[in-house]
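Okay, so chain A shows up in both of these, paired with chain B first and chain C after.
Then we have the complex of A and B:
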């Protein structure tokens, strides 16, 4: 109270702000945005990702061919005015196929990446908040999944998922993409748990789930957003690898992975079958990871491991 | 230091053992080895199929725990990993294939680690210069490619190179030329020629990840006070960077190496398949396609042992670099 009385309330506080508007304290999100705006990587990634998404949505409109059309007069032709990306052995238009495949890969990536981050956030927060035996068990489980390469588990589980639709693949990818982030969230939660506002909530009798969802997850949300962005690229990579070897997306569905697998045999003699879908894939994943990396730097410019 | 390494080793050993056992249980629940017999024409009788499956120890009518126990007893008492679905011993299959995979893995990992560390240090020392930007964007691009794409792009490039030179300088199908005549040197040269592209592919993937990580670890160290102290007491810039900078920056790298090794293993398996090598990666994928539980568990055991070795090695490096562990 004494301190409050000593402080003149109105003018002295207002004045410096009015005199030097540049010194006005900025909010955290504004600071992050300002940092992001100055990173060329962020713009390259954002524009790249935007272009890919727009192309996936509207790319088929100017094209004369649908992805199921067969042009029997131009089988195995190289890129030309009629077939922009060339055609396959049976006359499928590679341009149309690439767009349809890209759509599926993008949907899978955009859903599986954030889903994996959500799992990472919940499991990591639980492990860090509860501590003790729960924590030990979860950490052991995470280490176990890190010892077994998840690609091998995907392949092992694929007989089950082949019989389901491609939507099941999203959940499969999310189910094995959360481990490393969960460890990071756990470490963050362990320090948050000792903070006064969490203690206060706990002593007021707020339940564990409410504390995690209201107080812990919002405090680690920046980490989760970064992870979700980086996870989009990772999920697309995992999906294409699985589909390439025939364990992921099954015919008649098309994804970039199945397209690359179809073009693999002719990659050396007729490179357009392989190079165009591969270039789109690299473009998409690269854009997503540039955005994620820029976000990571903007949110935490001093963190050692992540600094750029 | 010895105590620390032994403790870590035991931790890894338990993890590897549990990973192998759970792989066995998981494979037994998912794979259905009986299906391949029922698909035959004429269809064998149930008794025959049961007898075959019992002989392999993979009969789904026996409880999983019982099968796991007999698999374990077999492993401990006779050192055997059971038979594959083609009635060959899993161990002899693995012995024939392991060398192929290990050659690729060891060469690829060592090159990746050395190149990644050098590029990372270089990028950190010359931060934001042209060379650093090139290294950064190149590693981002490589990290954005699945390893099979890298392998196939390398094949396209090698074909172009062979066409330009007019000779078959780089071969990339299989692990050696079948039916090649000539002495020992010709064989070694042939295998080396086949090894080039897969090794480059694996090394590229690894080096891209390591260089990013090494760069940030190095940037952290460069701003530390002890580098300035080393400079001010008269060390040259190079010597301060190497003795005090790189050495400290390698400590987090050794941990990262252990964690990323599973990714390297998966990448190596994919690259083996792309270059049609008959290694452990192909063995694992085939085992799943043929519903071969014993072979799959054997392949996972192989990977688990490699993770165990890589983890222990990186802990030894950690202990050697970080004096706090030694006391």
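Then we have the complex of A and C:
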């Protein structure tokens, strides 16, 4: 049933291209930027993310309390003029703690998520494109990492990481967060490899690395970008889990994760302990997703919005 | 028109509109046609002309969002507005349909026999299961499936494409319908299988006495089979009449152009094709006036203002009034004031001065190329259970400025052969020589340098262009490999875009913004950018609409003469190969069975397979087509895993059956080698007695 193929109308793409005289050729990245600029989603996400980052940097300045300060006169108080987000049981200022926690979580999330996607993209594309023994070895390694309980490895490795700094946590999270996506990318690459345009590039003598970076990665980029934006949230949450078990961020350092795990028991009775960090987390992940969504549509010229 | 009791099916002023987010699209705009009992109507049109939509409307199979107006009368009663349950009773019993893709039209989890029985049981609940199964076997026998008892138990995936389409025909005729609608039934099939299926369709029509509506884009298919033809363009019928009227005295300029733009086995190779410029309009926002006016060479101002209705032609010879056309100037065309042959200007060949100087030399030679794939079985410990002989000793040679056409059915090893050549690697056996240098002993660096000389154009222009890159980057890609600086790259891209007839300013656009023909031009531009000597063309026009094909073929011819290119042209469409090739090699099961100069191979083929292949190609000329005799090959292409001693064409060979016992023994025992026979080379022991076939 070729009903839809019979309708050339539904694809305005079939229009013959008229010349646009006198225009300099525009580079690809320029075109992606132009498209991004036309998308409201992108601006909403970017502004949201920008506000969170600015707040994380400058939010402490107007506040009278530092995140380590204990206000023994106001233990467990609800939000007030002195403590904007209230205080914890031992009198810590939640506002200050949220900001300091947000700084850590932002850095961890924004670095670990995309880093994991990058590793997944490169390794998956290599395995899928090269095939043969390379593919077998890489897949064997991925499967090995997937079967090993990663928490167990974290526990094993945590003494080493403790001696370094919390920054090492970023790499640890990235190192255990790429495997499933790498398998997806590998499968995508294997089907892309048989497509004519990859064959055409190969027959022109284009090198392996160029084919991967120029043809394969952009064509799986929508997957990677979604993965990276989702990864921001996932990395923040993974860090929470680790911190909860005592292997991630250690006191007196705080992160959104440690705040959430500390406050979740009081979510009903003293909601300010939980709601403010949680709201900030949702805000951050949502903004990152909006930017990612817009980016995916801008990179993919065939996605709905670009069909004008 | 007044007495509609005579008509089996009558479609009156049918309009189908699909609401779309970007505005409603009218796919069918006021179509009138009728089919009488036992009549064979051909509906011809390019993709997007509304031919399938109008027939699906008859079956009531359009999505519920479609808005249908007008009337469809089947045996005098209206079909529109009936419930799906009522229509379901009619489908199969009254009207049945055969779809284009037989793989997706059969359910993969039931046996073919069960699916035919299902069609029978649905319409006759009193029928017992045993009787239905017996009838299914009988139907399979009617449509020419060997061992129908056994085959009825097989699943669709065990059937080849041609056999699946036969099974579909069996289902379609199961309940003796009065009307069979065949929607592009042979488009997905090879030409020899197409000939078989058309024959089965004719037989089914004769047995059931049903009327047939054959929908196709191939004018050749309808020429030999149909009684009447309706030509559709932009959602309307623009010309209708008997086959002879439409083919011999076409009156709508679109029909004239379509007929002249088709490469035709009877005329190809001698004259240049006449392209039909432009492309069909998009039905979303149709300008007022005749939709063909922008492409029409004789359009006058009035054409752009009003859309001409389909009107009966004033036939001066007074034959009959069934010939109608929709053109303001049709009387001038019919009356002879406008000469049909001169309507569309025939493009000039490249001027002598612009042609490239050539020294005749062999630029590419392939000698005894072999590519076998091992057939593995087992999950953990794989063992070899057989060999697929995809390419089994192929030898080819191309001289500079010449075109070698490589033809054969799908699965014969054409694509594997060219992939082996393009890899420029050491073959399993045999030798590949480019420019006199053997590729086997080359270093990686030499090989990369050699890639400048040999480029490729793929079949599907959409799949072969990276959708994520603007076309200027796609075209420049081969140059980046060879380290050409950015400035020189840009200049060269502009130059080749101009060469293939595209505006260099379009470079910043993405592939999906181009039409099919333009995309293939981009593909050709990419192949040209390194100034190659050889271009491998893998079915370069088969994915394009008929009216677009001619323009691309002409472009390839022009480029060859201007730049002195050599083409390795792979195609299954023999008419296209006849048009462009200087020498031809016919492949069957991984071997070349006949090769030689194009005239010799096409005019006087010496191998029975070539002969059968050529006779299966439909010619868009009804009088020629009726006079031709087809050699119908039995069965399908055998699997290349089987090893047959002797000649591997034996099982399907029409000549083999005519030979005496001694001669047959030779075919059984000895594998024929390619040997020169009267102008060509053929791999047949009995090439000399080829005249037995057909005479």
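Keep this in mind: the second predicted complex is superposed on the first by the 181 of 308 C-alpha atoms of A that agree within 3 Å, B and C clash if a C-alpha of one lies under 4 Å from a C-alpha of the other, contacts with A are read in each partner's own complex, and residues count from 1 in each chain.
The rule is simple: a contact is a pair of C-beta atoms (placed from the backbone, for glycine too) under 8 Å apart; a residue touches a chain by one contact, two chains touch by 3 or more.
Model, not experiment: these values are computed from the prediction.
Touch criterion met: A:241 reaches chain B, while chain C stays clear of it.
By the touch criterion defined above, A:200 lies against chain C but remains apart from chain B after alignment on the C-alpha atoms of chain A. Contacts of A:213 after superposition: neither chain B nor chain C is touched. In the superposed model, A:77 lies in contact with neither chain B nor chain C.
Contact with chain B, but none with chain C, is seen for A:150 once the two complexes are overlaid on the shared chain.
By the touch criterion defined above, A:63 lies against neither chain B nor chain C after alignment on the C-alpha atoms of chain A.
After overlaying the two complexes on the shared chain, residue contacts for A:299 are found with chain C alone; chain B is out of touch.
In the superposition on chain A, no residue of chain A contacts both chain B and chain C. Listing the residues of chain B that touch chain A in their complex gives 15-16, 18-19, 22-23, 26-27, 30-31, 136, 140-141, 143-149, 152-153, 155-156, 159, 213, 215-217, 219-220, 252, 259, 262-263, 265-266, 269-270, 273, 284-285, 288, 296, 299-300, 303-304, 307. For chain A in complex with chain B, the touching residues are 140, 143-144, 146-153, 155-160, 180, 233, 237, 240-241, 244-245, 260, 264, 267-268, 271, 274-275, 278, 281-282, 285-286, 289-290, 293, 304-308.
Of all residues in chain C, only 18, 20, 22, 25, 27, 47-53, 56, 61-63, 99-100, 183-184, 278-280, 282-284, 422-423, 447-448, 451, 454-456, 458-460, 463-470, 472-474, 477-478, 480-482, 490, 503, 505-510, 512-516, 518, 526, 530 touch chain A in the complex they form. Those residues of chain A that touch chain C in the complex are listed here as 1-3, 5-10, 12-17, 19-23, 25-26, 28, 31, 195-197, 199-201, 203-207, 210, 214-215, 218-219, 221, 299-302.
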